[in-house]
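Notes follow the structure.
Order of writing sets the chain letters: A, B, C and D. Residues in each chain are counted from 1.
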């Protein structure tokens, strides 16, 4: 029984069957990659997992509870954090504030009228944020506006923000899309380190095979809205069906 | 910072903390506490002219300001003296009021009761005005009148036509020279009877706010007393600019007279729309369809242009009157500004003179003294014939003019012609008339 | 001090000093001089307006400045607060405290209802929803709800809701010697003033003003606390990125609604104070142009800054009240030192910008600020400071500071 | 039935004005992404173009007529318009009579120029600024423009009648078999409706069938891509701004006989036309037109006595009420696109 169980999920947009009969099981503490050619339904599937879309059929269970019909913030509170393709951070806020917000959200829940005490007086939370900044190697940038960070720093900040919530499942949507090779490698190292050091499950949607094969210990291949195969990386590499559907095209 | 020094030095120097009071005069001498708000102690006295300088009635306000300046000039002995020469009281000598030179401050009411009160307050609190006058709408007049009552200064209303100003919202410190809705109805009714007969069906369009309601009530009562039938009374939003959807159903209702209880821009638009719909060319119930505008002003007539031709209404005063007083006023205003004065200019000029005269006769600027001098005061020579400032409600009773839009105007000011001068007796009503009931004058408040 | 950091404490102390010494600061010219007639603003009514509109815009800034949601109908809450307070004076008694409390409660309730509906949409759709609610309130208050002949005359229409000699006032008196009783704070009448004469200067200390000033300082203090609190940070986060908020486990709706209600309560408080200083409430307080003026004041001062709202409100009220009272005579007196021809020339030009032309001047000033100082007067001040410090040749820091 | 037909007619006419203003607003918003609060002022300036032309035609020389006296008792100065002395009294009077339709030609270059100056001088500096700043600076401009008009023309409305032949009304009732006078409709309002229809049709045709229009439409959909194609989209957008200003101005010119122009008529229309645009859906031209006519008709219905007696004051709030309902049920208005002006 995996931590995330997707059963028979189908989603239709008008005349387009975006997903059909998707079954997926992500095991706890694994790094599970979902790959597939463009239009295979990767993003639709991801959106079904985080509450942005509600599938027409099937179920999505996280840790034994259904996520369907819940708002994104409720799903996050269940323990799923999401990293976006283009980093979604609070651009007008400082790096430090960016880091504080998820920690507050973790402690205080979806809403708390916490309007009198200053942020700075919450020493515990400030320390946690400091620690996470250290871990992300961004302490010197703490007073910068997040919008002024480089692309790679933004990505690191976003991952740090997600990690600071200590999620059970981290969802990454093409985390290295548009990155230079060096940044990509840094990100791979960071994610490796995270999965090694932490008690965390990572599900990653990725186009870049280099990233996928450096990180994943389980891979699902999606084609035309339905899973083609789910297997270990070594077996995926040699699978002719996958080559035909995907690798050939992307090479 | 040196602010604390100023305080300390000041306290050491004078040790003065003057007594409590709402107001602070322009020229404050360290004399004893004043007997009434803004008691003038120097060589001059300040009046506050609070008129709409922005907003839709700005032109009317501008004309009022011209008349005020003329009145101040005359009071201080300048110019040709205008109506001071024809006024029945000879207390004014052209040396200011009670020997003090008249100065004035101006403010903008914006035709909003809030802004008008703020402006009046600044005149009272900052400039030491001992009397506030002006206004071009009833809501503003009532609001400012209430303020003056509380602050302890006299309010001489400008153009305000609602029954409420001297009816349920009357105040001991407030006085109105202008006529009102009831008087319009009472003056118009006999004329309408002569012109259109007693068998008529009237359709009322009424601006949906205080003045409109009292005007509608007054004119409907007056015409119903003639035997007219009121077909319908329809309220139109104040903000309406296009009245087509209110005017279109009029003809089909069986009405043969349309009464437009509108003022200012509302009236200009509703009358223009009504004429556009060709109402005046129609024959209903075998009679020519007619339009009546109970309250006319020259500026409205100017705005409506040719559409006013042949349409009847009432007005407080008109420059074409041929009595000595009116001629004197028109001459002195016309010479100074190059065009004849409006009724708004006339009423505020009269109000200023009446106030000054009352102060002279009372020998004081104390509002209670002035109120006493004005209450029950009978005078003439201000263009409206013999006039009474009634003590019970502080309303002037005088002749009312019924006017008609002129068919062949000779100039841009020659838009109305006087059809009839309805004598004061015909428009007088009992102080406890139901349309005016519900309020109390209270007692005069000298402030301080 | 008071749980604030050093910078905020300084700011609070500066505002406190400005408020307490306003009667001196605003009356820089001696009584009777032509400059005094033009520029002095130290009379009770205007000083009260400064701080009351300050409160209003401080509250508006909590919504607009922090969350970026532009309410174009905020004047409705000001109006609701004003009407509530006058009703208390009519029915209960003349003490201002219950009136102010009720106006805050009523404005809060309406803000909750209007906010709950309007916050279902964002951007211009939110603005139009709030505008529509405010315009409906205004139109109804002006006509149907204000007809003395009807059974539901809540607002007394165009004239405005005012006190009458025969109002019940169950905990007070209906009238005093034929006059209306005055509003008071436990016996201390709002209109009482003390005057201090120093040479030819005259300073007025008004009870009502100081009550408003103290309440404004409290409101300002609360707004600093909100800005610095986690709640305030969350509101800024909403403005910055709602998507990230949602995926960080935060529900943006209650945050927005709380901000909306708080700023509505501030507006209600301002309305209650307006009525307490001058017990008459008119419908035009709710007109869309009044809402627009709130936005203008906020932007003039500097959106999202702490001190901006106070500067913006002061700037707007000052020019509105001062410019509209200047007439040609005043100009002539002021420019009398010039040779006649020049004097007439200047008066002829300035004629179009004062008195009846004050709208034009304010409109132009307003455009200039928006065009050249997007951050409002606060940005103007910062630029001046920068310019001075650059002159001192010790300006090295270029880092972006978070909004004050 | 006749009452309903009557109000539909009235509504179409009210709607024509709303639709024309909303159309111009949407053109500006859709092409430039700018929320123009000065658009009402452009409408007002259009109306004052009619006033100005009328004044020009009425420019007169004065002759003293000793047989008549003016108000001060001096000989009356009789004014004779130059056009009457140049073209003879009849022709001159006819020219003055036709000043409003002639003002259409007069106003187009003026409005295009004003639009051009506004866009180049002010608006273009605000493309990158937040919508709130755009709203506020154009609002400031609207105040300045209306105050300038007030300083020149005064606050009082100025009558600008339609030509004599268009005065009076047409009786549709008789035509449709109802009682006489049941459905009457002024000729000039019919002209206005037809005029609005022609303008709306022309704008749509222009955008649909000309290359210029196609480029602009493409730019409305995706500005960056069109820019990448090497097309100077900015210049075209400037022209579009001028056209939108001209549409507002023409709406104003033709509106002048319906209501005497005054300096604040722009502000009177501003809020309503914004509501129309938003109800139609930000950036949607058909939406703006549809919403304009729809709200006009609803407003006319709400002013019927039968309706008002059940719901007192409904005519005061109907537009806002409908706007609230539509925005809540159709999040992007009637025909709006996703993601426009939602942040």
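One rule holds for everything that comes next: contacts are C-beta pairs under 8 Å (C-beta built on N, C-alpha and C of every residue); 3 or more make two chains touch, one makes a residue touch a chain.
Please read all numbers here as calculations on a predicted model, not as lab measurements.
Chemist: Counting one step for each move to a touching chain, how far apart are subunit A and subunit D?
Modeler: 2
Chemist: According to the touch definition, list the chains common to the neighbour sets of subunit A and subunit C.
Modeler: none
Chemist: Count the C-beta pairs in contact for C-D and for B-D, then report the pair with the higher count.
Modeler: Greater number of contacting C-beta pairs: B-D.
Chemist: Averaging each chain's C-alpha atoms to get its centre, pick out the one most distant from subunit A.
Modeler: The most remote chain is B.
Chemist: Going by CA means, which chain is nearest the middle of everything shown?
Modeler: Taking the mean of all protein C-alpha atoms as reference, the closest chain is C.
Chemist: Per the centroid of Cα atoms for each chain, what is the distance between subunit B and subunit D, given in Å?
Modeler: About 35 Å, centre to centre.
Chemist: Just curious, how far off is subunit B from subunit A if you go by their C-alpha centres, in Å?
Modeler: 74
Chemist: So how far apart, in whole Å, are subunit B and subunit C when each is placed at the average of its C-alpha atoms?
Modeler: Measuring from centre to centre gives 32 Å for this pair.
Chemist: Out of subunit D, which residues touch more than one other chain, so two or more?
Modeler: As it turns out, subunit D has residues touching two or more other chains at 313, 316.
Chemist: Using the touch rule from the top of the page, what residues of subunit B touch 2 or more other chains?
Modeler: 54, 58, 208, 235, 237, 239 - these are the residues of subunit B that touch more than one other chain.
Chemist: If a residue has to touch 2 or more other chains to count, which residues of subunit C qualify?
Modeler: 139, 142-144, 359
Chemist: Go through the chains and record each pair that touches.
Modeler: Per the contact definition above, the touching pairs are A-C, B-C, B-D, C-D.
Chemist: Please give the residue numbers of subunit C that touch subunit B in the complex, ascending.
Modeler: It is residues 17, 21, 24-25, 31-32, 37, 40, 43-46, 49, 139, 142-144, 146-149, 156-160, 162-166, 175, 177-180, 182, 191-199, 201-202, 204, 278, 280, 282, 284-285, 321, 324-325, 327, 329, 355-356, 358-359 of subunit C that touch subunit B.
Chemist: Using the touch definition up top, name the residues of subunit B that touch subunit C in the complex.
Modeler: For subunit B paired with subunit C, touching residues are 1, 3, 6-7, 9-11, 13-14, 16-22, 24, 26-28, 30, 53-54, 58, 61-62, 65, 104-108, 112-115, 117-119, 121-122, 125-127, 137-139, 142-143, 146-147, 149-150, 164, 168-169, 172, 208-211, 213, 235, 237-239, 439-440, 442-443, 445.
Chemist: Mind pulling up the subunit C residues that touch subunit D in the complex?
Modeler: So the residues of subunit C touching subunit D come out as 70, 117, 120-125, 128-129, 131-133, 135-136, 139-140, 142-145, 288-289, 292, 295-296, 299, 303, 352, 357, 359-360, 362-364, 366-367, 370-371, 374.
Chemist: Once bound in the complex, which stretches of subunit D touch subunit B?
Modeler: The touching residues are 2-3, 6-7, 9-11, 13-14, 17, 68, 70-73, 76, 78, 150, 154-159, 161-162, 167-169, 179, 181-186, 188-189, 257-260, 262, 264-265, 268-269, 299-300, 303-305, 308, 313, 315-316.
Chemist: If we count contacts the way the header does, which residues on subunit B are in touch with subunit D in the complex?
Modeler: Against subunit D, subunit B makes touches at 54-59, 208, 232, 234-237, 239, 241-242, 244-246, 248-249, 251-252, 265, 268-269, 272-273, 275-278, 281-282, 284, 299, 302-307, 319-320, 330-331, 334-335, 339-340, 410-411, 413-414.
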